[in-house]
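Taking it in order: structure first as structure tokens, then the write-up.
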Amino acid sequence: MFKRQTFPCLILLLLAVLLVQPPVFAETSSPTANPGDTAWMLISSALVMLMLPGLALFYGGMVRRKNVLSSMMHSFVALGVMTIQWIFIGYSIAFGDSIGGFMGNPLDKFLLRGITPETLTGTIPEYVFIMFQGMFAAITPALISGALAERIRFRTYVTFILLWGTLVYAPLAHWVWGGGWLSQGHLLNGLGALDFAGGTVVHLSSGISALVAVILLGKRRGYPSGDMLPHNLTFTLLGAGLLWFGWFGFNAGSAVAANAQAGLAFVVTHIAAASGAIGWLIAERIHQGRPSALGAASGIVAGLVGITPAAGFVAPWAAIIIGFGAGVICYWGVLAKGRFGYDDSLDAFGVHGVGGTWGAIATGIFATIGATGLVLGNFQQLVNQIIGVVAAGLYAAAVTFILVKVLDATMGFRVDDEQEQMGLDQVEHGEVGYNF
Amino acid sequence: MFKRQTFPCLILLLLAVLLVQPPVFAETSSPTANPGDTAWMLISSALVMLMLPGLALFYGGMVRRKNVLSSMMHSFVALGVMTIQWIFIGYSIAFGDSIGGFMGNPLDKFLLRGITPETLTGTIPEYVFIMFQGMFAAITPALISGALAERIRFRTYVTFILLWGTLVYAPLAHWVWGGGWLSQGHLLNGLGALDFAGGTVVHLSSGISALVAVILLGKRRGYPSGDMLPHNLTFTLLGAGLLWFGWFGFNAGSAVAANAQAGLAFVVTHIAAASGAIGWLIAERIHQGRPSALGAASGIVAGLVGITPAAGFVAPWAAIIIGFGAGVICYWGVLAKGRFGYDDSLDAFGVHGVGGTWGAIATGIFATIGATGLVLGNFQQLVNQIIGVVAAGLYAAAVTFILVKVLDATMGFRVDDEQEQMGLDQVEHGEVGYNF
Amino acid sequence: MFKRQTFPCLILLLLAVLLVQPPVFAETSSPTANPGDTAWMLISSALVMLMLPGLALFYGGMVRRKNVLSSMMHSFVALGVMTIQWIFIGYSIAFGDSIGGFMGNPLDKFLLRGITPETLTGTIPEYVFIMFQGMFAAITPALISGALAERIRFRTYVTFILLWGTLVYAPLAHWVWGGGWLSQGHLLNGLGALDFAGGTVVHLSSGISALVAVILLGKRRGYPSGDMLPHNLTFTLLGAGLLWFGWFGFNAGSAVAANAQAGLAFVVTHIAAASGAIGWLIAERIHQGRPSALGAASGIVAGLVGITPAAGFVAPWAAIIIGFGAGVICYWGVLAKGRFGYDDSLDAFGVHGVGGTWGAIATGIFATIGATGLVLGNFQQLVNQIIGVVAAGLYAAAVTFILVKVLDATMGFRVDDEQEQMGLDQVEHGEVGYNF
Amino acid sequence: MKKIECIIRPFKLEDVKEALSEIGIRGMTVSEIRGFGRQKGHTELYRGSEYTIEFVPKLKVEIVVPEDRVDEVVNTVVQAASTGKIGDGKIFVIPVDETIRIRTGERGPAAI
Amino acid sequence: MKKIECIIRPFKLEDVKEALSEIGIRGMTVSEIRGFGRQKGHTELYRGSEYTIEFVPKLKVEIVVPEDRVDEVVNTVVQAASTGKIGDGKIFVIPVDETIRIRTGERGPAAI
Amino acid sequence: MKKIECIIRPFKLEDVKEALSEIGIRGMTVSEIRGFGRQKGHTELYRGSEYTIEFVPKLKVEIVVPEDRVDEVVNTVVQAASTGKIGDGKIFVIPVDETIRIRTGERGPAAI
């Protein structure tokens, strides 16, 4: 009984702590936010937030009917708990004063202290910047849930993403965006590893972690078998549409202003999504004879993943290649699981891991705007990209390995066989998705 | 036959009147709108509009299959008729020249007369302000439909919301935002009752009216019984996601500019939604053993309702308490219906009435930015909040009481038993939701 | 085998061509984009993009279960292939140097050459303008798919929209917006044909083409019969909601700035959508006894179509008439197919063709802001509108006639009877929408 | 033992279930079916066009009972499910050779 | 009376219904079922992975007729529903002891 | 021939199918049904309110076999589908007069 209450108690304790914190007063600081940039970053934050319901649909449509709510909850609960984690320590670890280039000081901006509505980050209120970045912190662990779907315990999942977000995501964000060792001006010849909107920080890290987790946790009961078909592909298509929509905020918002770079990021993002869909559909057509709706949805996401690190650095023509390549390569990526025999339920690794790697490398090749890639003769950038991928991948994999092992041993990560057969909706949430 | 045509005739008559109105010419006025603020308020208006399809899904998923279209129509038709009502007289009653602090002069801005594209409200075109406010006028009566779902006649509902919007919503908006007696600078020690984005005007008023209406109209046939389960919780989750997304416009848009206050409202809104979900899930976990998807969706909305009046006035740490509190308190609020035996189908009172009250009081307690609440020692503000709640609640309850009584006696508010059994989709709309 | 590979080869060839293009460098040009306007146009572009998933739901809900994915794919694949076409030549044909007022030079801006992130169109980056316009190019051919649903081959459809977009849409866009012969300052007394956001270019052209195509291709097997009912009207309602939301970008974005005109376009768009729904519901009520959810969804779209050409030119009171009129007239428009015996599956002609014509004419009647219509005594404008409708309609019809004939003879446009019976999802995509 | 298959209107399920409970019937199996019969000719209007709905949604209720209770059950269902309008449905009585409860393996009347 | 249960391919419903109408059969009951039989081995590709669909969607059509019409109905269905490919389905003829029309209480052949 | 109708728990389908395959049964028909029986009393909580779920989702598996295999099939299903908890379901054995394969017109045991 005591154990069951630990989590709520923790929350209540923290809330109590808050109450003694001195209230924050508005200060008058001379420079004020630019309304146009602020408008764009407010809506960009909202757009990225919408990606979580989008992801819930995208994933929820692919699982079996009996797990649809469970799968959707993986995204929704991530939005819930990661937001709170971000406010307490996540933002501070990612963007606080750097401790040796590895992570920010978690206490520096603990509970956003010292920040008022008038505090600016560039031309926008820091509060808005915090929100924009916080949405990334929420969606990244949720991406992993695609690999684990249909077999895991809800409370272990919640614990896992809280720890993973704190130990993997926030430090990686610091490395690349928070002034850490992979940022421009630091190591790697001072060029840094380019990652405009999170190819490595978001997609590669979640994809590789997904792979490690499913290898450790094992296959779903009966996998592969005929009754593991997607239960509602209309949701998956709609989810892909919402993800595409939200990704405009994700990528073009990463310019942190409504400027020329935002315009560039928007156009290449859109092109890559379209090319990704075309690439995947053509691959399907050639390999399995028919282009499918699931293929279109998958290709859209693959193209978007691929362009993410490159979005502020490449020209439209390069976006066609990156997107199309992502569609084809990720199609090949999802086939891999059949060959190697792990059970990545909804291809979190096949799409985000493989696509994230492709995107990071492609950025090193095609960067021509505000950075110089291989096509402009700069081989060093490509090397840096690969170093970034390897470093982030190894780090994420190692921490995930430990987390999964520990949580499985202590809390138990998987439901038992009978529960898996009955479906997680009923077992974990006491509900069913549809009462038609 | 004559009676059936009354409504269309009325519309045509009004349209005829319009034609004689002199055409509006564009005037050149020196100050022009700020593009950044205008951009933000355009998109905020669109975001609030999207809350109605979101509400349609949120509610539609919770009813039985046979009433899904009927329930969704309650939101969609509100968007239709309240928009037209707003253009004709609603806006004028809310924001026209005050008649003794009670309501605006309905003829002052009848059919938006005197307003041109160049007319400004603050830094944005008045047309945009009208739209932003008009979306609030549409969603507020639609919230009530959650209480009445599965048993009411469509035409009576349409008549009800038109009257309620005119006699309850528009005056209340005037009281608080249109320069009425609850506004700052007026009564109540000049402090007014704080209501940043509509905790009292929108949520409390609709919630209390919902309660009055269901008590008067009585329970659904067979309530409570096992086949009244939500028919599609995936819709309810998606609806909650869209509401969350749209609420950024609702709350952060209430700053009526893309400024520091909008940023603050955004961050506390997001935090409260997340905390609300966590609060509700923990309450469920403790009370019924399992956190549910319906609980997550409900907690999100509860948190959003709770923060609404406070959004521009409280710090992030307070948003955690307000949101978490809303989740827990509204969970308790929905349990009440079982105890007291009324049939609030989808808990419009339990969430909006209870959550709106909590939010109004919490604003009086936690306000620290641009206002001073109890935590800064200002007891008066808390008193004002309570006066605001009681006044608005009593007024809304009284008018609703009369409206429901009169409409029930004249038009009939409920369908008959057989129709209720067959389902409103077929009986009222001649359709069914799904032909699988 | 060779034939099957033609399409992918073509793509690869084009991609190869791209690689030899010199990389685009950022130039420093003195004027920079206005952040507020840019923010609004970024989000407007995203909003129009969201209309395609919206359309996918709107249409997908109306077909039979066995064709739901096929129908949704018609919208999604349009977003894919038309985006790429737009980048290669579409934008250049629409907005490149005019060749005699008929079309832009396709090579002028081939693959967006000569454009950098700093290039401006008005106060926004040209890249953003390209995207905004590109979304229109994607949705217009997708509208046609509503007429052809449930019977056509996927690959022929893809080929058709690529050709139609190139030969019909892009030239029409040039005529009206790209400095062509229907633009202001050119023929027609110098007044041009008013088309604010695409009543003629988008809706009339797609609607009339839809009519021509279905007359040539013939009815669905068994039409009309009882089992052709919409399979999921909740999707259709949600789709209508997303279309309404996205249409704010479509119309208010057509001001290409966050200014007074955008505010006007927003308010009249919203009013017309609401009035359209009311108009259709009243027409249904009178004619068939009950207002329906499908009617509400249809009326919303009809109202939006009707106001599209007028959005920047008319006052709110006129929007009520235009929207209400569109609802009633389009209701009559969809009845026509029963009378004339063609099978416009989802009423692409009945809504977009009829509504687009009504909107174009109504613009000539009611324009009072920044243009003068019949109500201000300018008969010439009405004449111009009619000339615009007739010219665009005839041109679209003629080219569509040839395209359909040629494609039917070469690739085959329809699936065979057995395939039609089995459903396009399984036959064309190897999937089913739902595995409940 | 006999299996009594009743085709009824969906909204009559509650009434039928209650009527059967009153006479002590505690078990039944329900499935969604679509019926085609005299009731045909029903039309629905979608966008003003008439569609003939040939297959009407119905429920099938299956009740297995000992022979001596057949008449009682049939009469109860007839009463509870009847509205007097075309389309009320049918009852078919079908012989059952054997009945087994899976949980216990019990057979015959003891199994239901 | 006999109940003729036909398991058919979903897209054959229209044909079966029409063929039965032609021989004067005016009533039937249809339900969605999933079949498992020789037809197994069918695979679908989702994201390039093969899934064996063991249960194939079928329709069950139930027609109750007097004994003397059984052969006619069976032959009609066989003709209308057959494609010659594995998975066309089965027909089972099951005895019916009694038939009742709920609306009127009529029994026997008059009830159908 | 007999038709063996088994009402089972949904998640037991896989086990039942495999057990039947092992004894050489290659054909069956499955449909989704809702059952009402002793198992009633199960409640679900939605927003803290208890709802009594009277109709529990079950599957009906229908297997037509020659008379001499009935016992074997019944026993197999009983074993595979049993959990020992209330609600495991029932098996009903129903006589079948005739069996026809639509594809070939074959009749009798050859048809299944």
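So that you can tell them apart, the chains are marked A, B, C, D, E and F in the order they are listed, and the count of residues begins at 1 in each.
Criterion: a contact is a pair of C-beta atoms (placed from the backbone, for glycine too) under 8 Å apart; a residue touches a chain by one contact, two chains touch by 3 or more.
The model shown is predicted, which means the values in this text are computed figures rather than measured ones.
Path length between chain B and chain D in the chain contact graph, taken as the least number of steps between touching chains: 1.
In summary, the chains found to touch both chain D and chain E are C, F. Interface repeat of B-D: among B-F, A-F or C-D, the matching pair is A-F, sharing over half of the residue-numbered contact pairs. Of the two chain pairs shown, B-F and A-F, the one joined by more C-beta contacts is B-F. Separating the CA-averaged centres of chain A and chain E is a span of 50 Å.
Computed centre separation for the pair chain B/chain E is 52 angstrom, with centres defined by C-alpha atoms.
Inter-chain centre distance (chain C to chain E, centres taken as mean C-alpha positions): 44 Å. As a whole-number value, the distance joining the C-alpha centres of chain D and chain F reads 19 Å.
Counting only residues that touch two or more partner chains, chain B has 34-37, 39-40, 43, 227, 229-230, 232, 288, 290, 292, 294, 430-431, 434, 436. In chain E, the residues touching two or more other chains are 31, 44-46, 54-55, 94-95. Contacting chain pairs in the structure are A-B, A-C, A-E, A-F, B-C, B-D, B-F, C-D, C-E, D-E, D-F, E-F. Residues 1, 3, 17, 26-31, 64, 94-103, 105, 111-112 of chain D touch chain F in their complex.
Every residue of chain E that touches chain A in the complex is listed here, in rising order: 44-55. Residues 224-230, 284, 287-288, 290, 292, 294-295, 298, 331, 334-335, 337-338, 347, 350 of chain A touch chain E in their complex.
The part of chain E that touches chain F in the complex is made up of residues 2, 6-8, 31-38, 54-55, 58, 60, 70, 74, 77-78, 81-95. On the side of chain C, the complex with chain B involves touching residues 34-37, 39-40, 43, 47, 64-65, 229-234, 237-238, 240-242, 244-245, 248-249, 252, 257-264, 266-267, 270-271, 273-275, 277-278, 281-282, 285-286, 288-294, 296-297, 300, 315-317, 320-321, 324, 368-370, 375-376, 434, 436.
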